[in-house]
Amino acid sequence: MAEKPENLDPMERRGLSGLLASLLVETRSVMPAAGATGVSLVLVIAAMCFLASLTFGAALSVGRAADSWTSELAGALTVEIKPSPDMDKDSQLDAVMSVLAKTPGIKTARPLDQEDMRALLEPWLGQGNVTDDLPLPTLIAVEIDMQSPPDMAGLAFQIAASAPGALLDTHRQWQAQLLQAARTVAWLAYGVLAIVAATTIAIVTFATRAGLSANREVVEVLHLIGAKDRFIAREVQRHFLHLGLRGGLIGLALSALTFLAAGFSGQSESLFLVPVWGLPAELYPWLLLVPLAASLVAVLTARVTVFRTLEQML
Amino acid sequence: MHQNGKRCGGGRDELGFFHDSVAFMIRFENVGMRYGMGPEVLRDVSFHLAPGSFHFLTGPSGAGKTSLLKLMFLASRPSRGLITMFGRDIATLPHHELPAIRRRIGVVFQEFRLLDHLTTYENVALPLKIQGRTEDSYRDDVHELLHWVGLGERMKARPPTLSGGEKQRAAIARAVVGQPDLLLADEPTGNVDPEMGQRLLRLFVELNRLGTSVLIATHDHALVEAAGAPELMLHNGGLSVRG
Amino acid sequence: MAEKPENLDPMERRGLSGLLASLLVETRSVMPAAGATGVSLVLVIAAMCFLASLTFGAALSVGRAADSWTSELAGALTVEIKPSPDMDKDSQLDAVMSVLAKTPGIKTARPLDQEDMRALLEPWLGQGNVTDDLPLPTLIAVEIDMQSPPDMAGLAFQIAASAPGALLDTHRQWQAQLLQAARTVAWLAYGVLAIVAATTIAIVTFATRAGLSANREVVEVLHLIGAKDRFIAREVQRHFLHLGLRGGLIGLALSALTFLAAGFSGQSESLFLVPVWGLPAELYPWLLLVPLAASLVAVLTARVTVFRTLEQML
Amino acid sequence: MHQNGKRCGGGRDELGFFHDSVAFMIRFENVGMRYGMGPEVLRDVSFHLAPGSFHFLTGPSGAGKTSLLKLMFLASRPSRGLITMFGRDIATLPHHELPAIRRRIGVVFQEFRLLDHLTTYENVALPLKIQGRTEDSYRDDVHELLHWVGLGERMKARPPTLSGGEKQRAAIARAVVGQPDLLLADEPTGNVDPEMGQRLLRLFVELNRLGTSVLIATHDHALVEAAGAPELMLHNGGLSVRG
């Protein structure tokens, strides 16, 4: 039998592409290439990474939406100026505006005009009911700099002093409720993420251990013919790194596709806090954490299990 | 245990082949062994094997031959007594030194224990691969050995597609490929025909001539007679020696 | 050796508790009791059922909230009566109310009093700004019977005719937007449910197949010593029914505990559409569907896989 | 195949014991077999076994003994030729009738194939359990058989804790417990001592006297000589008969 050197390792290629290939494709090792349990481990990891990536993406964008919304909300004040017999409307407005202009930490201050007021009130009063003769208060929308916010108490005092009927409304009543809502939604998203992450870790751990039990005989034989613990652990880890990465990347791809599809489906308006759906483009890279974490869990589980198995063995 | 003929090496042996210059390769003193809470499978077993010796281990089915071999290839611990391998007390040996000792021992398991996902060639080459040797350095040797045991044609087959006797021969090839200092073979001819059995015996004798101590557990009287080597006999957990 | 009849099947008890016990506890069968792969299959099913139950419960209560909210919204109309020089306020109101009283399909009609109006407007106009002298329109909140709704076009015509300045507002503008929102949230919940359900089915399927591959030798030996296909399939199915139910019930218990804990944690106010959290008591029984479905999937997968294996076998 | 002595029953046998009143228990005509795309392992094998006969199957390791037995216990199909078992052409047999035929055949697998999660007792009782018999009806028989093969003490042990020979005896007990019409044993004495081998041979002979046709694949010349039964010899894929 003339033996050609055809059992040379086909993965002997070097370089980055070689590295990538050897991460994803099973190189010839002493561990079994993905058999029945290997395949199902890959699929379980893929499915869990899919779920985890979806949740992670959703939590990320909800969290970000809640954050920006919270700071927007907290950065907004309103000054109300009630009509007063002691001062005419325009003087009241000028006095308050000059106070605002002098106060550090205020970004913009803009009196709401008739149009704004109409838009605000029409849903409640009925179309055409907001007429010029309605004795509405004047409202000034104030945006403050969240980095160096003004002294609220001082500002409220100054405004009240500047003109009769002027009042700083810090939206306290609304803010309390809305901030609470935003915080709840963000917590919810992170809570769901935590549950899914914990479940993913549990499933990957147990799937890995199940996969290893199929390889127990291999580990035992290697041990008995004199392989060092570190050699065995390295081989097993590499095997599970392959399985984990392969599964993780499949799951990642599926979830990215889902986000893209949802993004394109046109429903991309934001609904309350929930961005429906589609992930902001700059958040996609974060999803890579999911397969990496899954592989890490698989590798660590494999390592711990193998060492524990080997320790029992003498 | 006493010397017998040429192959059963003397107590104090100065063969340069051996890594340690100790008198005994293996020494058992009052060794007892039990599985879990069960009865003692081995009782007060005491013997020693010199480097370069050749012995058979016999005894009725269930007498404890495999259990005794397991102690020697460091797969289980005795429940009492002292075992010295290559001059080292294995009870006090640190964990990280065990692989080095295991590499000096070749084992033919009674149940073969080939790895189903590797080819026959890869299975046989495994002990060499584990020692970190490159494939180029051993490919020809492994091929030659496989041809010798009659597996030249089945080199690329995986164990599940081998016949019973073919598996057994692959297991033997894996045990001897590294020219170990000690060869432990558990029923190595139970699944091959008498002609092949004789051929395999020649392999063991050849190995022994090159310096390997050989211990073969077997039921095959023809084999024992053909080799004419001394016999350790297990009976009711106790060991006696013949020859 | 005196053999006591102690290897009598300990599960020979009869009755309901016996049935339950035999469903949950592995009876002596020819299949291996949960070994390494069995345990990990149970845990994988438990984890997936946990996730699926959580999602299912959330989808159920979100769906129900959206439903009731939608029907509430759709069942509400408002009649606006603008002040008119041709008719005084009370006559206008009386005329409109009598039209509403005569119209079939209207449940209640209630003029909003000053308090209601103030509550409605104060957030926009500022506290103390809604004064009696504000020339607000009169609003009548009308609740219609969704089962037999009145003829909207006819009603709008009759109301407009009954008094000058009277107008039927069907909240179209708001409704379109809010119904859309409710529908989106409900769809979202069901979409997430679908994704989790599909993932659960996939994972249970593959975990079952992995579990079976460990039992392949058993199936083969049974086949070779003359067991009928139906016998083997029945044993395997029973085995996986046990594993599936055990896992499913663990997952169910965990999710029920989670809902209970969330319910008790006091955050039970509704946030927009999302009931945060706690599952309405009457929805808990529905959660039972999850472990049942998971067991069904496991059993069917096992059955199909076993029959396919047996078919290949001759 | 021709009659030999008492035990090798004649072509036309009217023993009421057999379910069909057919001339041949097994009939192979020009049977060939290959694995996948490989070479033919069996070539033009033709023979027949009469009910109540006793034969050995011999041949060097890798000759195809196990493959031939696999055809007989319906584990694989021939790639060509005609196989008749109990008077039925197995190529045309509907799928649902196969279990009934398999129950008439007891098999000792070369690799034992015991179920690791069942006790020895449960393993041996398995064929009876599968036939739907209640435990009360067979418990004593199984115990008696286990004692006969020397496993009385290991009845509750699981196969992984049995010695090689103990496993083999458990496998033999499972094959004979149902008093099959045909017993196929693949290397049934490869892991037991000669005394136990003789004891097991007596079991086979006893079974044969009660009407079972027996075919034993073996390398053990001592066994063949002790039984004095005719020998089917496989060589290079072809079959010849001696005795």
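For reference, chains read A, B, C and D in written order, and residue numbers begin at 1 within each chain.
Here is the rule we go by: a contact is a pair of C-beta atoms (placed from the backbone, for glycine too) under 8 Å apart; a residue touches a chain by one contact, two chains touch by 3 or more.
Everything quoted here is computed from the prediction, not taken from an experiment.
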| item | value |
| --- | --- |
| Other chains in touch with both chain B and chain D | none |
| Any chain in contact with chain B as well as chain C | A, D |
| Where chain A and chain C are represented by their mean Cα positions, the distance between them in whole Å | 25 |
| Computed distance of Cα centres, chain B from chain A, in Å | 60 |
| Inter-centroid spacing, chain D versus chain A (mean Cα positions, whole Å) | 66 |
| Chain C: positions in contact with at least two other chains | 35 |
| Multi-partner residues of chain B (at least 2 other chains) | none |
| Arrangement of touching chains [line / ring / star / complete / other] | ring |
| Chain-chain contacts as defined at top | A-B, A-C, B-D, C-D |
| Sites on chain D touched by chain B in the complex | 35, 58-62, 65-66, 110-111, 150, 154, 161, 163-166, 168-169, 186-187, 190-197, 219, 221 |
| Chain C contact footprint on chain D (complex, rising order) | 73-77, 95-96, 98-103, 105, 107, 113, 115-118, 121, 126-127, 129-131, 135, 139, 143, 152-153, 155, 174 |
| Residue numbers on chain A that touch chain B, as the complex places them | 1, 3, 7-8, 30-33, 35, 217-218, 220-229, 231, 313-314 |
| Interfacial residue positions of chain A with respect to chain C in the complex | 35-37, 39-41, 43-44, 47-48, 50-51, 54, 80, 82, 120-121, 123-126, 128-129, 133-137, 139, 167, 169, 173-174, 181, 184-185, 188, 195-196, 199, 202-203, 206-207, 209-210, 213-214, 258, 267, 271-272, 274, 276-277 |
